[in-house]
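Written out below as structure tokens is the structure these notes cover.
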């Protein structure tokens, strides 16, 4: 029961701040709302016993991305600047499409009977996660782990190249 | 698992090694010797290309996340060939003064995307697939935004990164549904558990939309033209050929090996999308004056043709698709090579600038014509065979009306290809592009394209090899 | 190397030779030599073919060769000829030979011109020797596409428009054709069997009637567009009028015959039941085309337009006769193809030669040319007479055979349309004589014309070889007719056969 | 179900979040807020993966690691996107998406 | 076996001369081609005479009378199992007779032309064409096969075209040649369709099989009918249409007067003596079929012939161009022949008309050729075609005058001259079968005498016209043929046609039926008398007559406006209301549709460009909408 209450609080936060993120006209606020959403999501992960993931969510998402976003906002806009929204018709069209999509998707999800696996769960402790992460066998994630390092390297170079000021 | 097992990943490892060595060379070389990095990387990549053809063990690694087969290696080699040509073609542009400080990074980024594609093709689960896809996409955005002083380049970059993020979001949502309904992200397990439950269909369609973005299928194509136009020519040709080719490869692999149980569904889906893609692509291409943009839309239409092979769901279909991609690499890179050469020397890329080109630069015009004819599917160049085989595979599934629509579209596409031919050969121009001679690398690139366009059709071994390796839905 | 391969190899070598030349002089001599060899080869082929037949060889196709190209798809490079293709090859050789000499003074980008021209003709030769639908289709498109450049670069008038229209319409035709060919391919074997593109092998299998009904229109119209089937003929007047001389010759003379040839060799031969069922639709269309083309020609003022419409009429007669589906009429159709090929080539050659002198093609601006350029004028009259079906020239042989054959049909409908079609011979006479009257006879309208020079030696070669062909067939048609008849027999046999009905698989 | 919360509840939240993100993507005029919408989308996907993993297939950690990778990629994407946005800002002096339409038709 | 194989040379010699002169004629002096042509024809003439002698006289006719001989036959083109076009030579009484007619007249014309055409440009071309014509005409008459006949029929037509248009720089000649060709071509269309129908019904082209009274044509006569007539009858009517065209029967006659634009020897040979009777010959050739299987068709022949003879005679009375008068006279006389055939029946005395027709054909060929050659000599001398610009030439051109007079008397049917005998037979045949036509022919006889002597008096008598230079008699090379032909005209009436050329090959007993003959002679004399009164001396009588019968005169003078009707049909109807709309339709509707498709595609391309707005969010909207739409379609509708 507690969990349920907790869930409703968290999901309520998520949904409200999500909406506010996309609707508020102040960009910085929007970033802050996003931060709340991400934090609440982390809360969900905690609830589901995925501590490590929740930590990652907090550090990388809330700590990294949102900070990056806030920096860039500060770099490119004034605090007081109010962001414009799309015109009336794009809004209506987008809302229509989104509502339709959400409706169909929800309906489909709701009418689907999920089948749980009967096999016993494995613990999601730091230790097991760590060993999975460096394992290269069944259910091991060493390869993605390595590849993502290549990705990050490439992205680093790319971001530098793009953002670097031209030497005239 | 031991070291020799890792050799199964030879393609990816070598590429990574290459990327890192270029980076180190670039860092290590003093300002005086930096210009040497480019030719050295070219040569190294050529060596890699050759090594790629050496026999390698097939196998599965990392608990099924990574696997190779003769087919996959073939695909990787095809991509390598295209990559080499792109490297050759962007050489002149990279040497320019404006790129002095970011020459070798270009190759590194390109290599990173190629590594991503290789992983993507070799992936045995959706995680690696997704990772490869992103690795092949995100650096692309940086490459598209490579030219600082051009607003268009930045515009291309932002459009690419944002739409690709959106599409990967949608794709991921689909994947999450696939995961939720099948309990696995591994291809073979997903295959076993997949049926046509509505939620699974939904997941599949989101997945399809995400792939549609990469292959630029209508209606997920709109970014294509803008990005192609704004990005540097080398990046555009890379996007239009290698990037798209890799996406098609993994797409067809996934369709043929994972979603076999809902083939009726994706066949219908492909039917609709194929018709839309060919027609819309052509309609937009009709009135383009900018060569890059024209080729962008034409490449959308070509993607529609590719679907004709996919829809067959047979060994023949896959062979035709792979063969077509190979042909398409040569033809499109031939066309882009000419555009790049002219752009490098004159900065012009409008069709009107090409008026009377034949009288000043006959060889470039001839190659351009050959490439365009190959794209249009005119014999005796390779494109004819490629297209004909695609049509054959669609017909083998009984999709005769689709073939008919496709061939009509091929006729429409011939119209705008001929417009370019007309500009070069027929139109008069008081100030035609002056005769110029290109770098050895550009020439080499164009030569490879020409050879490919001319010989690929008649040299049946290539097709037979592809056919031997291809698979179909059983 | 196999003998028939030479027909593709010689043009290819000629093209290579032209690549090594520097200017017009070299290019034209290289072409002339190459095409003379080709002419000799064609003559040798006719001779070899006839002697083989006389020696009692009864195979459907002679000089066959078959090598696999794409084994997985069973695409083969299969070649072979029967009497009909031999005749068409001979026609092509004559016309291209004449065409080379007719473009003797092509100054502008001469090497490119001759290369494209010969590329075109190699496509045509390849088409006629092919027994495999794939290679046939390949050569077909190969023959069509150089037209764009040939008309676009070296043409006159609204050349870009015409070139584009011609190319697109013909490619539209090949769009239909693709479907037809693929349909044939996938119905060429019983379930589980190896599909094939080989014409003779497809002919041995019974394609389900439902499939035939679907694919016959595709194939027939596809080829029909090239054969100027009404109402898809409009590329022809524009294309022909804008094309340079040799191209008009080759296009109207030979390329349009690809359409007729394909119509019966592929569409009708391989899908006989559907051909029988649907013939009436196309008979009506072709009847219209025959009469309509002739009426259309009366009104025209441009020489090339007149001839183009006349081609519509005459080629309509080819398809008309083919659809009659009896041996006599089909024989007539093939003779008509050859006859029309020769005479229309002659017409276009002459029009080109006259144009190069008078710099106009509008008949009202000319007159009395007979006095100043008697040779060309006399040949023009001969061509005209051949066109209106004068006995002793090839046109008559063809028309007589067609009309007699068509009229032998037991069905009243066929006989009625035959009578309608025969009226074209009067209308043809009207426009031919009108042109001759205005153009060649009467007083000289323009004093500049007083000093025109008559034909040069190369122009004489070009025209005389065609006149010889026309008169040769006209005076002694029996050998040709017999040669064709022999090869028609299996086709007719197939057309009157029956197969069982199996449903068509179609998504 | 798990701890008394039905699976569907999570899915409803994530789905709504997904579409809110898409709505934001479609309507916000500022490139950075568009980027934030993307983060919403990715976040919702993560919830899906995690929830599926926990509720349905806890015998492996596929969903869990998938989410992790997505988070990492989201970061990478954001990095490049922000780099380009800064570049755009330099070029256009604005990060209004409507102004970035030099190439069209 | 039969020993007639040499007859092929009768044909081949002119053909070789045609080829030779056509290719190399201009290498030699002009006179050379004339001599070569005439010499060649002389050989043909002698061979023809030999053939005739051998055929008719050297061996007595058998029980079946004169039977047909196939001198040679070779397949030229195989069409079906049974139908094949052969090149053969069929010798029977009428073809042998025609050989004589053609070679004789042609020889005379050749010799005459050597003088007449002197100094003309294209001399060798003229002789080359003449040879071509002779070849074609000979081929036509000896044809063993109806399709062979059609082939030569066409060749004759084209030779006629070439010769009428000989003065190709004269627009009127060009127009006339074109008209001749097209009108006859139109008629030949009927002939061709007739052949098609006939061959379809009978399964043969062969004349002998066709005309065999027990053959398929006759036995199939009772077959299917169309509009009340049997198919065979229809085919015969269609075949007759071809004949009517060539023989200038109403209403296909309009080309013949215009054909006089050709050189006069051509008119003599082609448009008087030989080609124009091809239609008569055709009907005669097919006569057994007509008589046994297609009586309605034969009636058509009779009435068309009768009407044409009257119609042409009326017009001839008012024309001023002497060649045109002769042309209408030719039409009128051919009408006689047609009528004779039309009133004949197969076998015995019923076949009198057939024999009469052939007889008249023969005599007419001679005297009409003579008339034309004389006219040529006159024109040669005075350089005008119009009789009102002539007069009193009697003393300048004595030989021409005498020969012309002989010819006029012959055509008028004055006894002892050839025309009398042949015309009398025709009238007798008509009398026995159709009284109405018989009376028509009486009128025509009178009119004939009138207009011929109107011509004679206007040219040779009457007032002395003013000439630019003194007219001179033609050289001997021209006058000798005149004299020869005059001799033939006088005496050919005594040839025993009734035992040589009959409908069934058997001997036919005839005698002159005085009851018919005497009135006709009287009418002829009356006609001559009227002409003498009106034209012998200059008088106002013709004017008065003209004003009295003003309408008739004007209509007759304008040839009953038939030309105008044709002009209306061709220029207005075909050109303006068919061809022009067809051309318009082709450019705007058919081609317009094709261009319209292109336009639609291009404008669709223009319309959709808004989709590519450059707006990132719009792209995304399309992206998402596409995905949602697909989901809707596939989840809600399809699965």
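Going in written order, the chains are labelled A, B, C, D and E, and every chain counts its residues from 1.
We take it that contacts are C-beta pairs under 8 Å (C-beta built on N, C-alpha and C of every residue); 3 or more make two chains touch, one makes a residue touch a chain.
Just so you know, these numbers come straight off a predicted model, no measurement behind them.
Asker: Once the contact rule is applied, which chains count as partners of both chain B and chain D?
Answerer: Expected: A, E.
Asker: Just the chain pair, please, that has the highest number of C-beta contacts.
Answerer: After counting contacts between each pair of chains, the winner is A-D.
Asker: Can you give the whole-Å distance between the Cα centres of chain A and chain D?
Answerer: So the centre of chain A lies 5 Å away from the centre of chain D.
Asker: Take the average of all CA coordinates in chain A, do the same for chain B, and state the distance between these two points in whole angstrom.
Answerer: Distance between chain centres: 31 Å.
Asker: Measuring from the mean C-alpha position of chain B to the mean C-alpha position of chain C, what distance in angstrom results?
Answerer: For chain B versus chain C, the centre distance works out to 42 Å.
Asker: List the centre-to-centre spacing of chain D and chain E in whole Å, with centres computed as mean CA coordinates.
Answerer: Centres of chain D and chain E (C-alpha means) sit 96 Å apart.
Asker: Of all the residues in chain B, which ones touch at least 2 other chains?
Answerer: 127, 131, 134, 138-139, 141-142, 145, 148, 157-159, 162, 166, 170, 177, 180, 183, 198, 202, 225-226
Asker: Can you pull out the residues of chain E that are in contact with at least two other chains?
Answerer: Within chain E, residues 609, 612, 614, 616-618, 620-621, 624-625, 627, 631, 635 contact more than one other chain.
Asker: For chain D, jot down the residues that touch at least 2 other chains.
Answerer: In chain D, residues 18, 21-22, 25-27, 29, 34-35, 56-57, 60, 62, 65, 69, 73, 76-77, 80, 83-85, 87, 100-104 touch at least two other chains, as defined above.
Asker: Show me, using the given definition of touch, all chain pairs that touch one another.
Answerer: All chain pairs meeting the touch criterion are A-B, A-D, A-E, B-C, B-D, B-E, C-E, D-E.
Asker: Name, in rising order, each residue of chain B that touches chain E in their complex.
Answerer: Residues 158-159, 162-163, 166-167, 170, 196, 198, 201-202, 205-206, 208-209, 212-213, 218-220, 222-223, 225-226, 265, 268-269, 272, 280, 283-284, 286-287, 412 of chain B touch chain E in their complex.
Asker: Would you tell me which residues of chain D are touching chain E in their complex?
Answerer: Those in contact with chain E are residues 22, 25-27, 29, 34, 97-98, 100-105.
Asker: Report the residues of chain B in contact with chain C in the complex, numbered from low to high.
Answerer: Answer in residue numbers: 271, 316, 319, 373, 378-380, 384, 388-389, 391-392, 395-404, 407-408, 410-411, 414-415, 418, 421-422, 425-426, 460, 463-464, 467-468.
Asker: Can you list the chain C residues touching chain E in their complex?
Answerer: Its residues touching chain E are 165, 168-169, 230-235, 237-238, 292, 295-296, 298-300, 309, 327-328, 368, 370-371, 385, 388-392, 396-397, 400-401, 403-405, 407-408, 415, 418-419, 422-423, 425-426, 429-430, 433-434, 437, 440-444, 477-478, 481-482, 485.
Asker: Please output the residues of chain D touching chain A within their complex, sorted ascending.
Answerer: That would be residues 2-5, 7-13, 15-24, 26-30, 32-33, 35-37, 39-40, 43, 46-47, 50-51, 54-62, 64-65, 67-69, 71-80, 82-87, 89, 95-96 of chain D.
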